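Note that subunit A is present in both complexes that follow, paired respectively with subunit B and with subunit C.
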Partner chain A sequence: MPDPANTEPSNAPALTIEGLRISAATEHGRVDVVDDVHLTLRPGRITGLAGESGSGKTVTGLAVLRLLAEPTLRVESGRILLGDLDLARLPRGELRALRGRRVSMVFQEPMTSLDPAFTVGTLIGEVLRRHLGMDRRAARERAVELLDRVGIPEPEKRVDSFPFQLSGGMQQRVLIAMAVACGPDVLIADEPTTALDVTVQAQILRLLRSLTDDGMAVLLVTHDLGVLAEHCDDLVVMYAGQVVETGPVDDVLAAPAHPYTAGLLAAVPSTARRVERLATIPGTVPPPHLLPAGCRFVARCPHAAPVCEEPVTLEDAGGGRSRRCARAAELDLEGVGR
Partner chain B sequence: MSTAREVVLRATGLTKRFTTRRNVLGRAVERLTAVEDVSFELRAGKTLALVGESGSGKSTTARLVTALEKPDAGTVEVCGTEWTALGRSALRRERRRMQMVFQDPYASLDPTKMVVHTVGEPLLVHEGVRGQERDRRVADLLERVGLSARHLHRYPYEFSGGQRQRIAIARALAAGPDIIVADEAVSALDVSTQAQVLNLLLDLQRDSGLAFLFISHDLGVVRQVADHVAVMHRGRLVESGPADEIYESPREAYTKSLLAAVPEVSPSRRRERAGLVTESSTGEVVG
Partner chain C sequence: MAGYAVRRLLTAVPLLALIGFGAFMLTFMIPGDVAATIAGESATPQRIEEVRRQLGLDDSALTQFGRWAGGVLQGDLGTSMIHRIAVTQMIGERLGVTVSLVAFGLLIAVLVGVPAGLVAGLRPGRWTDRLVTVLTTLGLAVPAFWLATILIIVFAINLGMLPATGFVPITENPLRWLESMILPGLAIGAASAADVARQSRSAVAETVGRDHVRTSRAMGLRPRSVVGRHVLKNSGIPIVTVASLQVERLLGAAVVVELMFAMPGLGQLTVSAVRARDIPTIQGVVLTIAVVVILVNLLVDLSYAWFNPRLRKR
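Let's turn to the complex of A and B:
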């Protein structure tokens, strides 16, 4: 857990990404897959990162821990600030000391993330021994406490289980226990519940929420808008490698400022009522080597106008919100009822 | 009208057990009952959704219904013919009546085959159609699923996930089926693409009277397509009925807890749902 002096949620950001640009080597040459991404994670808050496949949300998350598959993917410019440290420039050795200690990550598929050859206790203990220098016995005791903290029943028994003996939900809890073992400031969770059943998903998301009580900041990366609506505080929407909209989640959902956000919200199938015809966003996301110079959503946007052919920046809209739409001020987009 | 429609698929008392452990003599000593006494009916032009969590037996049920797996008990009747009583060659001839669309369009299409061959294969097998006639028929099918004749000679890797799923649907349609079994057919797609494919399925059903057995864990998607819903839990059907009834007044605690766990985008609808489901039924189920 974080040290006591740090538990008060303050307004200082836990992590800031500024102007991040990441390129990828493709058959069409080196192209940008993430461009001009800005986001801020605050202590005790869950920030949702939304977007469809190919939007750059996963690459952004991986870049924070410098887990990009180099040299195919490469950070070209921008800063990733953890306090005074720029993670994008930090020497490898220093970075390794931070991973799992101050910034951690949880992935989608728990079974492929856990080493099947070791018990749960060993896996969690490894983190504690490496970063905090605990001995075997202390690490095991702490592992039991952590298993209890992430809601695993009979932790004294489970600590000796192998990953295959646990259900998917339990495995994900173990992974979270490993990630939070050293009380990191920031947790990046990339689609942590996508492989899980809905009832288990709800439990895992409640667990993430309870972990922020100690001041940890969470970046929740997911394509599931329902999950984001229910479980995050702030929302960042990405499209084709760029952030197109940010703000407090309820405000964004009630009155989206970007036509892409509005289109996504309309396309989500609700359990509440059957509609005559589902709203769709026509077309598909353009591939990175065929992006237009202006707004990247222009070819699919129902509100496209000549002004949209010009490059557009992410601009501050007040109320903690920002947007990347040349016509935002004149559009009145429909959200979901409050 | 709807009640008078003929039953195209009838499953009666389907049961399937898998052996999970054998003794030294090779005798089964431990068995897992994956599906137990599952019965349902699907009528022409209608959609029945089979919903449930992983391990509930919905995919095993799909495999039993499509005769990819033999049941230990129970029967499957397709358009009046009892499939479970058919021999191999007779079953082969009948298979065109019921086609499948699978979850992962990256795995379900042969990467070495051009679209014209993938979609044209059922035409060749069932009708002996080949050459220019086949090309013409495949082009028609591609247009029905929102693709076009210029895609005929392309390979799967040239298509996006949504387009691949359209190709899989065109292949299913090529056999001229009465029933399409869609096993998590839109689960791998992004929401905007997912909505396009769902609309396509609804259009096809309206135009040609296809019946769908729609297997999904996504209750929001099911709400948009299903006329009837059957909820599975631990291999059994716990509740089934018209979709509106299941969603608006579920009777079983399990159905309620399942509905309560679905994340909802709209805060007002979340409140409606909270009214529907009492606290007691949302209790923790340890995963």
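Let's turn to the complex of A and C:
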């Protein structure tokens, strides 16, 4: 008889974040910029992380690899579990050995994120040599294969190119090749296509999808709900440093459980199929030092009620979904039909 | 890369010609009359005139320049008017001393300055950074001749650890050469080390904040690769630039310090030649130093292309 705890290996999370709280030193003193973030990444699935600017998406992503700009930014509490390893507490040396090998990251600006002083072959090879102990020649051969894998034409030639000799899309492919060179379990992609033009965006997103075939889990940070709808399996919505809603993309888009999610959907013409209903959420995100004690969205919420002044937790709603709204059960929010 | 080097070398030729012309013409502005010096105190005006004619000083400036330049092209810098020896020979005997001293000072500047700048720049605002800032300010404020005096008093006279004067060629006795280099090298190298540290610090501090350094951390590279390869190579251009500027500064300081340590280098030669208005010697020294500086700049330019691949495509 198989042990019921691990009957479905593909269902075991690749990465779990529990109760993550991150503070930042600001002119208003030390304030929490991320608070009580929970999320789960599953093997072979792309999880979209959405939210307005300043909601804490990048900080959350960087925290997974412990790349926060210390001491300005600091993880205060919470767990970041990769299997049974807590990345938030792992000794530095062990963490470094995992970075690039089991957890990896690609960034928004491929142009500035690649070292201009080395060839792409050297950059990719360096990761392989560091983690897999390859020699120079083997690393170079593998680098050519990886360039081919991420869709770079003439990889034997391109391996000796410097980053500045490549287009933005090609640079992002190189960055992805570096990140996935050692076959990581988890890839954090922080707005990897924002700096690229639209046709290239779609190619990069399809590439990410194809890379999940081997079971890699992806956290895709994006502003773009169109990208979420089309390229993601699961969705995590953040507002003012908190996760306000999670669930499978299709379910959440069809019937959002949090008024903020519903507002986002209404605000984006590419997902709200009815363009005439284009609206924006009135008001702005409160800065981290001026957050209310209760629901952080209360000042902008069309459904706000006295109960919303009380602190509210992220609660499980069944069906793989969760939400942080005191009135979720009574509201019937409009989503987008698919 | 080779094409770049050749092109760069060719641009040095007109520059050298220009400097040669400048050096030659400059000597006409030096007050005093070498003919009178050579003819002696009690010489008659006719005698002085005769000496002047013998030396070819009555020809036009352009004729004199042509004669001199023709010699230079054949590796002949002329003959010292005072010592009656070939200028090339005199410079050859002394160049080793000055080059040793400048190279030693530069070595100190780089070996002290770059690590100090690295330590400070990697963690700006820390106590190590503040310490380096204080030391560089101090180092830049202290004149070489003053430091030389202090070093001689402390290490040569009081402690008797190192020689106060003299120079031993490295070919003769490497250990004694090193001993004779330490105090003058420190005296001229301190300010340069401070300058190199300061520039390295700001270059490194700027580079560590770049996105691609975060990428190398995200890929799990060890700190020594992140710093030693990615940070250092990307900070290379400002560091090499400031180091190359030290060559000029060190040459200037060497003139003074050679005199203080009684080292038979170009500094001594220049001072005595200027005093005696020994024009061919002065011209020879200026040209030699110009060649050294141009060669250094050429190497520096080539290193830029190594640090920044974008420059190779030009």
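In this section, the second predicted complex is superposed on the first by the 320 of 338 C-alpha atoms of A that agree within 3 Å, B and C clash if a C-alpha of one lies under 4 Å from a C-alpha of the other, contacts with A are read in each partner's own complex, and residues count from 1 in each chain.
FYI, a contact is a pair of C-beta atoms (placed from the backbone, for glycine too) under 8 Å apart; a residue touches a chain by one contact, two chains touch by 3 or more.
All figures in this text were calculated on a predicted structure; none of them were measured in a lab.
Chemist: Consider subunit A as the common anchor and indicate whether subunit B and subunit C clash or fit when overlaid.
Modeler: After superposition on subunit A, which the two structures share, subunit B sits beside subunit C with no clash.
Chemist: Quick check on the superposed pair: does A:199 touch subunit B, subunit C, both, or neither? Answer first, second, both or neither.
Modeler: It touches subunit B, and subunit C stays clear.
Chemist: Who wins on subunit A residues touched, subunit B or subunit C?
Modeler: Counting residues of subunit A touched by each partner, the higher count goes to B.
Chemist: Just subunit B (first), just subunit C (second), both, or neither: which does A:167 touch?
Modeler: It touches subunit B, and subunit C stays clear.
Chemist: Touching A:126 in the superposition: subunit B (first), subunit C (second), both, neither?
Modeler: second
Chemist: Look at A:156 in the shared chain and tell me whether it touches subunit B only, subunit C only, both, or neither; answer first, second, both or neither.
Modeler: Touch status of A:156: no partner.
Chemist: Of the two partner chains, subunit B (first) and subunit C (second), which one does A:135 touch, if any: first, second, both, or neither?
Modeler: neither
Chemist: Per the contact definition in the header, classify A:145: touching subunit B only (first), subunit C only (second), both, or neither.
Modeler: So A:145 meets neither subunit B nor subunit C here.
Chemist: Of the partners subunit B and subunit C, which touch A:105 in the superposed model: first, second, both, neither?
Modeler: Second partner only, subunit C.
Chemist: Can you report the least C-alpha distance between subunit B and subunit C in the superposed arrangement, rounded to whole Å?
Modeler: 10
Chemist: Would you please give the residues of subunit A that touch subunit B in one complex and also touch subunit C in the other complex?
Modeler: The answer is that subunit A has no such residue.
Chemist: Flag every residue of subunit C that touches subunit A in the complex, lowest number first.
Modeler: It comes out as residues 210-222, 225, 229-230, 233-234, 236, 307-310.
Chemist: Name, in rising order, each residue of subunit B that touches subunit A in their complex.
Modeler: Going by the criterion above, the answer is residues 53-54, 160-162, 190-196, 198-199, 202, 217-221, 223-224, 243-244, 247, 257-259, 261-270, 272-273, 284-287.
Chemist: Would you pull the subunit A residues touching subunit B in the complex into a rising list?
Modeler: 52-53, 151, 153, 167-170, 196-204, 223-227, 229-231, 250, 253, 263-265, 267-275, 277-281, 284, 336-338
Chemist: Under the touch definition given earlier, write down the residues of subunit A that touch subunit C in their complex.
Modeler: Within the complex, subunit A contacts subunit C at residues 65, 67, 96-101, 104-105, 107, 109, 112-118, 126-127, 130-131, 162, 164, 175, 178-179.
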